[in-house]
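One structure, pasted below without further comment.
Chains: A, B, C and D, in written order; residue numbering restarts at 1 for each.
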Amino acid sequence: MVSGRNETLTGRIRLGMVGGGNDAFIGGVHRIAARLDDHYELVAGALSSTPERARASGEALGLARIYDDFKSMAIREARRKDGIEAVSIVTPNHMHYLAAREFLKRGIHVICDKPLTSTLADARKLVKAAEESDALFILTHNYTGYPMVRQAREMVAAGQIGKIRVVQVEYPQDWLTVEETFKQAEWRTDPARSGAGGSTGDIGTHAYNLACFITGLAVESLAADLQAFVPGRQVDDNAHVMLRFEGGARGMLWSSQVAPGNENALKIRVFGETGGLEWAQEDPNYLWHTPFGEPKRLITRNGAGAGDAAARMSRIPPGHPEGYLEGFANIYSEAAQAIMAHRTGAALPDEVTFPSVSDGLKGVQFVSACVASSKRNSAWVSLA
Amino acid sequence: MVSGRNETLTGRIRLGMVGGGNDAFIGGVHRIAARLDDHYELVAGALSSTPERARASGEALGLARIYDDFKSMAIREARRKDGIEAVSIVTPNHMHYLAAREFLKRGIHVICDKPLTSTLADARKLVKAAEESDALFILTHNYTGYPMVRQAREMVAAGQIGKIRVVQVEYPQDWLTVEETFKQAEWRTDPARSGAGGSTGDIGTHAYNLACFITGLAVESLAADLQAFVPGRQVDDNAHVMLRFEGGARGMLWSSQVAPGNENALKIRVFGETGGLEWAQEDPNYLWHTPFGEPKRLITRNGAGAGDAAARMSRIPPGHPEGYLEGFANIYSEAAQAIMAHRTGAALPDEVTFPSVSDGLKGVQFVSACVASSKRNSAWVSLA
Amino acid sequence: MVSGRNETLTGRIRLGMVGGGNDAFIGGVHRIAARLDDHYELVAGALSSTPERARASGEALGLARIYDDFKSMAIREARRKDGIEAVSIVTPNHMHYLAAREFLKRGIHVICDKPLTSTLADARKLVKAAEESDALFILTHNYTGYPMVRQAREMVAAGQIGKIRVVQVEYPQDWLTVEETFKQAEWRTDPARSGAGGSTGDIGTHAYNLACFITGLAVESLAADLQAFVPGRQVDDNAHVMLRFEGGARGMLWSSQVAPGNENALKIRVFGETGGLEWAQEDPNYLWHTPFGEPKRLITRNGAGAGDAAARMSRIPPGHPEGYLEGFANIYSEAAQAIMAHRTGAALPDEVTFPSVSDGLKGVQFVSACVASSKRNSAWVSLA
Amino acid sequence: MVSGRNETLTGRIRLGMVGGGNDAFIGGVHRIAARLDDHYELVAGALSSTPERARASGEALGLARIYDDFKSMAIREARRKDGIEAVSIVTPNHMHYLAAREFLKRGIHVICDKPLTSTLADARKLVKAAEESDALFILTHNYTGYPMVRQAREMVAAGQIGKIRVVQVEYPQDWLTVEETFKQAEWRTDPARSGAGGSTGDIGTHAYNLACFITGLAVESLAADLQAFVPGRQVDDNAHVMLRFEGGARGMLWSSQVAPGNENALKIRVFGETGGLEWAQEDPNYLWHTPFGEPKRLITRNGAGAGDAAARMSRIPPGHPEGYLEGFANIYSEAAQAIMAHRTGAALPDEVTFPSVSDGLKGVQFVSACVASSKRNSAWVSLA
């Protein structure tokens, strides 16, 4: 197997889940991600804020232990000898902090969906809760789990495109082109549950996180022009953002949920003094490398020219596409390595990396800065 | 969740595995495929023909019951109340028949890697064994599990491109461009273990199966020109094949393992009287539909224009790519539905379909006909 | 011939040229463009500001009348009965105004390369000169000559994507990634000859013009962040610009000359309330149309779904690519129709259109606003 | 100007044309091709076999001398001091020989559309006529004029992909998917005017010529399966052909006029022992180079990695697409160089090359062999 992913780590991690009941999209994704490399066993859950749904969903999944709410789950699991070691939190954004702190304070590792929280205040409290806990906190900025994203990051770090000058990142979708009529859309466009950002929070944070992850650079300030094109929408559905990175690089970020023809068209281009890189989420097994003055090169996952950072995030040979679920599973498997090292106190290998609570804070700061800048007619707002 | 795949079927199927030890590529793929939708639990295995490796591999995977050989596994599992209900056979081709019959005759369902067998004689015996057994036989021609392949098949069946005239299918690779030096290549180019066909058996059968699956047409005869370009190679590494389908459609099939720049570039184009379809394995979430006299349309998985046949083979929304493993898992999940229906005697829904032992026989006949035609200077050979 | 372009207009237009001597890139392009549809005959020229080069270049091209400078050319050609009817001005930007006015005031039509001028003051004077002249003024914003750009404009005007919300336009190149060492680069990065804008003037104006041409919308204000990444460069080589259009649409414009891997990657995406359009200059025979809720459609030049506006700008059947020179020739052929109508006083058909002196002024205003905004830390600057 | 094409050859060639009247597609293409680089002046024509149309068409183009038929044109032009030096023959196929010999025997160079003739007998006579004449014969297999085709040929010749093993070439169209109703289709599907081959003659010959041109290899034998899918059609509209090249390379050729969604989708892939090349006519400015064991490389026209053979066939910088007309013009400009060298007796530079009468004979032999093989149930037919 031309692969770095290893399904033979011993001792599967006992996992719980908060949120993710029957018709929630992201819960199912988390469960597949946890299962793919066989490092977790889902044993407990409080899958809905509605007790009946929580129970029905838990039974449908055959969970060993079903709870009506996350707090009693945290308390009781923490007391069990065979209690969960980690919990996945996949509720709407505004519940992330409240749920996470219950587990963190009881030493249960938290794997939390993004964005970190719906408010900056919550984000700061969650950072504190994570810092005070011995438990790990993993944020599922899942796109950083794609092998070719790792490849890009490795190439930048190795200086293969030189000092970075320009970053163009975008995440257009079209599902909110017309007024939302279904559940997914509903909470995501309600500022009370989703946060002050609409497209900025839901997908802009992914784009922002990806830009920072690949380049290794922090953004110093941004200038944003946010819109809500659909009448009555309370949060932005389109955002134009200019970025200034530390060290002088400049960038543009575009997030949109009203761009017909775009599904999840996250795409990043990074240009340095000696070359460029380009990656697109919808075609994730490829990375364009354009060394200045040489022909463009198309690097494929596990193909010629791909390095170790990508190989260890992959399972199958080149030409057999891996996708979104595998990338998501990579976050879970990185987390598994960290959790297992934590069990024994072993050192975590350098190459294991996953989005942290401070990455999550940065994401919430990004949303907050976008909203602030846009209110001030696109004035530059510091992110320091 | 915009999805047809359902992880909540109750009562996971107890699964065994023959072959697929430590460094075998395809065994790991089968295990992920079985795990993805959570319908199976891998409990037993004879993972290698070398007992030490069988044991080490089984332990690494944490199997409950580890066997030295498939025969004792079949015997002993059949006797257990909690014995396996199904077995995955992922050995080299020449072992498929011998292993499969042991399980079939004991009523254990068989999920077998392709090609069905290494010889036509074995294939016929295996068909007979399957027919005489009450157990199910599923062949993992995994590419038929891709959602957009199902979409194509559904569109052809619905007459959306009219009566079929031309089928162009190809599966080029490049990994055998130079003399093979690693294990995967070794058995695949040894006629005793792989069969008389090289590229024809390993990948040509996939292309052939895909063409028949999508068009719903049988091939009546073929004319082939096979080559072994690499000195000393005993089986074909490149095959040019002309096809004549029932009803008058004509086709070309190209398989190659010496085409530099190709990884697993399986691609099919089907042209009917009123339109065409095009699908490529390396970019599997897209299907081109070209109605004659109208603009080309790009249909995406779960996107606009995609129908039920694709939706039920999918897990996540459009724009989040699914890949090879999900397509493979779809075969396992189709099998799971059949096995569960078999448990209770319930009728299997019409839409559940998977490659059968007779599809496997057709594949072996294809290889055999290619070799025969090529020996007779590309004379047309009947497949009836 | 599946074509709208007609090579049989009678009476070829006598053409002169200013600039465009031996090793100038754009002069050769203008000459091919003039020749392609056979509506012009190049008879006179002042091809260089250096008289020896002007003469040598003129002789090499076999010009009937060669001049040392544009002023004497204007004077003497205006006096001849068989003097030129039109002149192509292809000098560096800072000479456009001076040359153009000499011809305009003598009633000789001017076909002028873009940007209109190197300063806003010159631009305004040139507008006045054009207004006071009976002669026509055509600016070669050549990208508006591409058939599929016309197709896009026609579709927007027909309401096929609804009211426009978002415009994303970009023009990245890489040829100035390192310090310039050749003539083309030299004057284009010298503010005295090129104007205050670098990438904004050379290519940003093209992107800006294209966005306005396709959408039919004016930009009300912009906020820009310009950089000169290459040490010592006096004008911008990268520009990030946010746009606010009349009617509420928002846009982003990116121009760069330091983006390795990009040649002339002009690309525009326009999103309306009911659909989107996407066109890329390097693959100009295609237009993506993405009606919301339907599969993406790929419209090809002269193919199914393409309309009249594109057909009349084209010469050959679909699938035979036309390129940059044909698009450029379309501007010349539109101009030829106007000049011939002007000869006889005939009305110009509605569909004939070409970039005008006021489009040129808008381009110079764009550059000026970018520079002003960037100096004011990206404050919004009005373009009204 | 980053270019090899030179518009300053002195002394434009006096050109005549046979065929190509008003509504003929290919005549207009030839005229643009002749004009583009300014090496020809079209002065005489017999543009139609119908005298009235010949005259009307000639007048519309402003020809100096208009003839009713090609024979009187040949006779009278040969007598004039300022008579044509070359003639373009753009009639239906069955007239090529008759027209060409009249000019050849009078020492007038012939530029002839492909295929050479409609019958093998005519082709042989034309070869003889060309051999007996001092005049040059140029066949417009125009696809060999594309810069990146020259690039491919140069790379093969330089050994950059090693000894060739496999050639996959195809030319699908869809315009004859339904019964033909317009003039272009009419003569092209009439064996008396077009020849015994339908798709094989019209486009298969292009594919065949391209394969031989790029690889530098001759085809020794072929096995073909031809079809006429549209009821009543007298010539093939789909052809599947297997090829055996000298030296052991094998190939497949597919031509079709009934493949919905294909416009002029000529595409070639060549695989050698150490690498591969891929080129597609509809996107002609790119060439994929896939050295075995390295990332794929995308070479662009005039971009990094492109060599001299491509550069001299090009006019404008990378990223500004050239298309079909420029490729066609390259044949005319190669011819111009040869004709000018012929004027003075100067040696022709090695790099100047164009399709010859013997290439034309090979094309007709190809069609003839396809028809013969198909009649003999796809038996191998020698082309030696």
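Everything below uses one rule, namely that contacts are C-beta pairs under 8 Å (C-beta built on N, C-alpha and C of every residue); 3 or more make two chains touch, one makes a residue touch a chain.
Quantities reported herein were computed from a predicted structural model and do not represent experimental measurements.
In the Cα superposition of subunit A onto subunit B, the rotation angle, rounded to steps of 5, is 180 degrees. Just to note, of B-C and B-D, the chains joined by more C-beta pairs in contact are B-D. With each centre defined as the average position of its C-alpha atoms, the distance from subunit A to subunit B rounds to 34 Å. Separation between the centroids of subunit B and subunit C, computed from CA atoms only, is 55 Å. Taking each chain's centre as the average of its CA atoms, subunit B and subunit D sit 43 Å apart. Along subunit D, residues 262, 296, 300, 303 each make contact with two or more other chains.
Taken in their complex, subunit A has these residues touching subunit D: 289, 293-300, 303-305. Those residues of subunit D lying in contact with subunit C across their complex are 1-3, 7-8, 10, 12, 23-25, 28-29, 31-32, 35-38, 60-62, 173, 262-265, 281-285, 300, 303, 315-326. Contact residues of subunit D toward subunit B in the complex are 161, 165-166, 168, 170, 174, 177-178, 223, 225, 227, 229, 238, 240, 242, 244, 250-252, 254, 256, 258-262, 269, 271-276, 278, 288, 290-292, 296, 377-378, 380.
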